[in-house]
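The same chain A turns up in both complexes below, where it pairs with chain B and then with chain C.
Presenting the complex of A and B:
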């Protein structure tokens, strides 16, 4: 399980925008049309490679409901990256709430947390209520990275998680973080040189495996 | 009490005030004023030294006197919180304030007091936790540099958690970075680290949200690094605390389990099981540590306690990941090859083996192929585990090892077949102890020896244990059932010298077991558990064996004695409800799966025997009685929570008590062996069987086997058949029918008697019925009553409906009557008019005969007119009448259908008195 770095992510945004589906698509490469409502937080993990270095992503998927807000705030501080998700087909409810989510994050997260804004469900073009430009505009105003994605078709899902990691990685190279302090949501692994078995635990699902 | 308080008071005073004397005043008010003065010095004093000394005096008196604790609670909190908030720079004051608070929440040594007296420490804890900002304040103190400040703060938080867990959990959750700060303490100096560990352990017992955040903050890494630092299983109580925290984090939900598997893996957990140093040296602490690690493994292998049956993915992934870490080897080493380890450790390891293989094909194979020991004494691991089953003196260990076989055979047809294939009688060569470890024999031979050993000895210990394993091997596997049916024992028991069937031998042991428990009277006094478990376990074996297996039924009924014996068991009052119930199930299987045609006893005979010897009603009652006790058995053994205890004393003593806590108590519903016999799957098999059995018995009664076929053609006289022959033939036919009729009448009478008995049982049966039976009967009666009530309700509503309908028809009939009447009135009046006219005409004719012509003409005209008119009216009238007539007819039939007495109804038209009574009669029916 050797990795060069371990990054902790959180996924935030209103209920129903597709946070859990994005995580499932990223860790298990599948889409589940009927997903249980997330209670509190759920966990997922996957190994990726950036700059030839194995990087382990630990991802916490949060519940969007107001009643869980105070609990999910406990996760902001220790996270290196956040995916802030809205639903491009639901302008009023989800896009307009972005500001309040962002405020929460700014207040409770460490200042160097990388935030990726995701306009999800871009496969539903015919029901689009938020234009790409609006998303871009919001991201630009608040200094976020932006991408439209679909947890259903997997479009841009890998990219979203990976480019967030790439940004964090770059910040590390630039010396923004004190990586020895784990409270930034970053952990240094062994050497950072991918060993021969580096990618073995590539996804959450492990095939049968050989017998002992 | 007063005197005692006074003495403490004096001590405190002597110690704290150094010579200041309060005289003999022992009333609580002296504490009040003393505490008040000290608090006043702290809050209003100007000399730093004086304030500090006031603080230390306050601390010592609060630590020693209940009254002072009470007094402090009433006034002290605002003063000390102010110190904590505003005087952070004065470390000594902050320390003092924290220590005083700790004392205010810690019961004094002399806290005896009266039971219903207010506990000042509880009250104080409540007061402090109620204060909205006190917990954030305390959490912020964890960031102070001073060691004692952090140490006392942690103690204070722990005390608060003990008394007001919910409030503290909530406050910590809502304090930003609250848990992060606590987690940071884990990286601190030892004393603080251990204190924080304990606090986190308490915090994570219930609150799932806290469990997740703790994990998010990297708890797993920290836990394992501390365990490693402390020497793994050889470490002290800190390792134990770490493992308890770990188990709290893994107990619920899959999320944390996935995180452990995906980020750290199970290697470090498995390596705790590695026995370093002297393998023979199992200290108590090491035993406790190993138990903790084994609990973690079991939790992971089960996918958590909340794991939903359908969502097996996490469980399977954990099983696979553990197998890759060779956990099986470590578990076998602990569970099978470490006789010097504590029994509780061996049991836990065996249980882990069970869950490791359960429903996991690869791991099942791995266990099946595993061999233990060193050359040349290799032995399959399953054989070694089976030997434990036969040999162990601990019931717990029997259950744990039996569980391995249960898991191994569950949904594992190949595994069952593999084991069954080795059940071949070995030639009886000399006297060998099958338990002798040096003699390695195939599994099946061990099993047979276990089953049949010590036939002279009254002790059936190995027999029931082996029987338990055999029932796992046969469960749901028709091939294995058929195969073992063929097994005959070489050494003939009977004088005739025919080899005896294994099954028959086992039934024989059932009888021996029964006589043993009868002779022993009270099994509790017996040192052997044989008399307790032989019967239920052999009965379960037979229930399992006979299910879906006509050949097994045939073989079982092969001896007439078996049926007789079972019938006896079912009705024996000295047996437990389980024995009676299971025997009833077996009898039922003899009906349900009975495919005998000519040779052997068929289903009809079995049913007849049941209804004659037991009576069907009381037979079915046995099922009810047993079902009633299932809830007791299936209720999960409650997971007892360990009390919040600083030391591990509690869990230590638990380890030692494992054996005693399983003391044999046959009447106890939570008997561990009975619990493992009546596990979920077996209970549901019995429930399914019961339904089928009831149905098949009804079937038997509704389709009595007809001995005489009635073929219409044969009733005719055949060609060329003489009258005499024909009559003879018919006569014999009638005779046969008569006999069959007699049979049926007999059966009918038995049933009727049965029914009659059931009816009267409530009164007459009470003299001999025990409590349980009465309860069952009461239950049945209540149900009957309920049903009767419901039926009455239905009838009542039906009655009102009918009444309503009747009254509608009555009204209708009334209206028709009056219509009729007015019609006939009209007719009458017409006739009268006619008559008058006629008489007028007559009078006219008589009075004036001359001007006849005109008059005659007029008269004729008038008559004609009137006649025409009345004829038309008459016609109308007749038509009307006809219509009404048919209406009345239709209504009458409808009324008859509804059960009304139409005649009386019609009779009563005009005076409807008789009707309501009629319908009342109906309701009574």
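Presenting the complex of A and C:
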């Protein structure tokens, strides 16, 4: 399938916060509470459209357990976007670890990686242990985009992945990335424009036309 | 590297040709004094030495000091050209463990040059130039090191007498052909029968006679130095800058060839004992019970007869050349029989092509030497009973492990036999002792379990580590093999058992605790044992070996991945180089394979089969690493051809899950393991999981486990 751009995403966060479920909801539009725990890394992919351009998201779903951090770090390389996930019902374990996840990401990913903070399981509001404001505050402090979502009800799942892509796309348009350098986690596809210098509006309609 | 000048030009070099002629005249006189050789006898019938080089040397082991020097000659008799390499008698330079036996073993006695398929020239930056000569059968001689130079002359001389063309794939590979037949003068000759019958040539001695009759592969150490010298060897490697990759290639070759010869001689001996062959059997390469449709045509006919009466297929190591498109029908009957229960014969054949190769795949793409053994049916309960004495002791644990290595187990006896393989039961325990042990261990398990069961809610509130651990396990057991009917559904009691055993283990081994992946290892054990306490103790035994996989610092994983990289370097240097150039040497793409022993890569039944094979530690304690190499090697061409980067590679490897042919992979892995021999084991630092830690030897005195 042709695409204008391919973005590499990585999903990180403590074990059991729902990383794999978010991915499955996004790629397959279903919630599967019983799936095998992730060892190492799993992959998912989906096409989305931004500004009428087909964009392929290649998503790396990582294992969350602390012991595997040294392995997980090798997956950051070349990611354009990261979804940093915590569980709103588990304040202590998952929200408090965000800083260390962020540190890993900053250290091992490229500096321009777009990070989206996701407070998952917002359907379980009655068991909420982290307030929306706390999440917003953390995101603001660290320059992240923020959203609460539910892999179970699909609330905000689509939005989380797409708005991350939109942010990356805007960075391309603004010339932040040299898209010919794949270490930014972006590949230019056949249906796409060669680079940020390719002009915005003209090429946008061109790319949009070739794939739907 | 002057040698890289076009070979085609060499024979036109008039200066060289002149010196060559002069040399030949000198040589002839030398040969005449070389008494006792049949060659000399036949020389009177018109044999002529057209090339002679002294101090052409092979290295039977990795130690440069252990070498066998000899004289390489090309001899023309009538219109045929023969190559010989005869080691010198005891000489000052033959130090080390080189024995007369080795000398015999490696001697090359009058090989018709028409039987040579290719010659690869190596011109390492450091050290001597050497040639690797591969026969049409696929057998390769150990690298011949030209201590006094002469590689160029050798090739030039050859070119004067046979049709020699440079391989289109590799400038250092020369394809040799029957110069007498113009039809074969094409690159496609690789696909054609390349050998001329030499059945009546008296100059080719019976090979089997040159090997002491008491030697067989089972008992033969695949190298010549002892296996307990890791430290010393390691030190030598570090201190010896001359030891480069080319030396490793050399080691590999020596071992392979030695193995192949031993094997061949075994087969020959068996055949001879059966009275099927007269003593006019010739070179091993022509005598193999294989699909030699590349070698002597007249040999092929006799093969099926001889092989079909060989008593035990397991004892036959089948060496065959790997030819693209080879069908099972072309294989010998034993092989056919073994294969006919395989579902996917097409793929079976395909996997033999280019999978495990004698030499680096780039170097000898089409010249692959493959050997293996047919898989056996799984061990069933009746046969299992034959391994036990009246009291229920396993009388010959090695035979048992070997049997399981080649066939696995039927499901209904797994619960009994796994306990031995895992080291929970000792092989020499009696049935009564094991029954008693089970009852004692059950009480012990209950005691351990009660430790966490008795934690009150109030205590739990003050016990963060316990709460975290329990929370993690609770979360993970419901995410373990839930697609299997044994664990599916809500409130499945087996899921509770998983939870209880893991939590009890995290108390039994509080330092290690619980880590993701453990539930994957426990789940099949519980499925097989169907008993909580027995499952626990089997899991404990397994974790004695695999526990380091879950160390927080991941050192157990890193040491295995490191050993894997060394093995790939040894067994597939082009792939290794590719990984190095593409920053993939951490081998993280094999992480899941190693962490949970390929649990996620096969369906449940196949995975259990693989596990029991691994647990036999029959060929190697680290057989799983050879399985990794086998899979990587099988896909090496694709990986390199598609220029996969780390990300793509990781994704590719991940997606192999469910696509791996287990039987073919096991065969490949075994061949690689044998091929690597002790050099392979030298790649694996002591203590690398699943080796038992030294101090645990007393607790788990597993028989024969150190003999691999």
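In this section, the second predicted complex is superposed on the first by the 191 of 212 C-alpha atoms of A that agree within 3 Å, B and C clash if a C-alpha of one lies under 4 Å from a C-alpha of the other, contacts with A are read in each partner's own complex, and residues count from 1 in each chain.
Following the convention adopted for this analysis, a contact is a pair of C-beta atoms (placed from the backbone, for glycine too) under 8 Å apart; a residue touches a chain by one contact, two chains touch by 3 or more.
Here the structure is a predicted model, which means the values were calculated and not measured.
In the superposed model, A:16 makes contact with chain C only, not with chain B. Residue contacts after overlaying the shared chain place A:43 against chain B and chain C alike.
By the touch criterion stated above, A:6 is placed in contact with chain B alone, chain C being left untouched.
Put chain B and chain C next to each other and count what each touches on chain A; the higher total goes to B.
Contacts of A:93 after superposition on the shared chain: chain C is touched, whereas chain B is not.
In the superposition on chain A, A:71 makes contact with both chain B and chain C. Note: residues 8, 40-43, 70-71, 74-75, 77-78 of chain A belong to the chain B contact set and to the chain C contact set alike, using the contact criterion stated above.
Chain C contributes residues 468, 471-472, 475-476, 478-483, 488, 515-517, 519-520, 550-552, 554, 557, 586, 588, 591-592, 595-596, 600, 646-647, 650-651, 654-655 to its touches with chain A in the complex. Taken in their complex, chain B has these residues touching chain A: 173-174, 176-180, 208-209, 212-213, 215-218, 255-256, 258-259, 262-265, 313, 317, 320-321, 323-324, 326, 328-329, 362-363, 365-366. The touching residues of chain A, when paired with chain C in their complex, are 8, 15-16, 34-37, 39-43, 63, 65-68, 70-71, 74-75, 77-78, 93.
Contact residues of chain A toward chain B in the complex are 1, 6, 8, 40-45, 56, 58, 60, 70-71, 73-75, 77-78, 108, 182-183, 187, 201, 204-206, 208-212.
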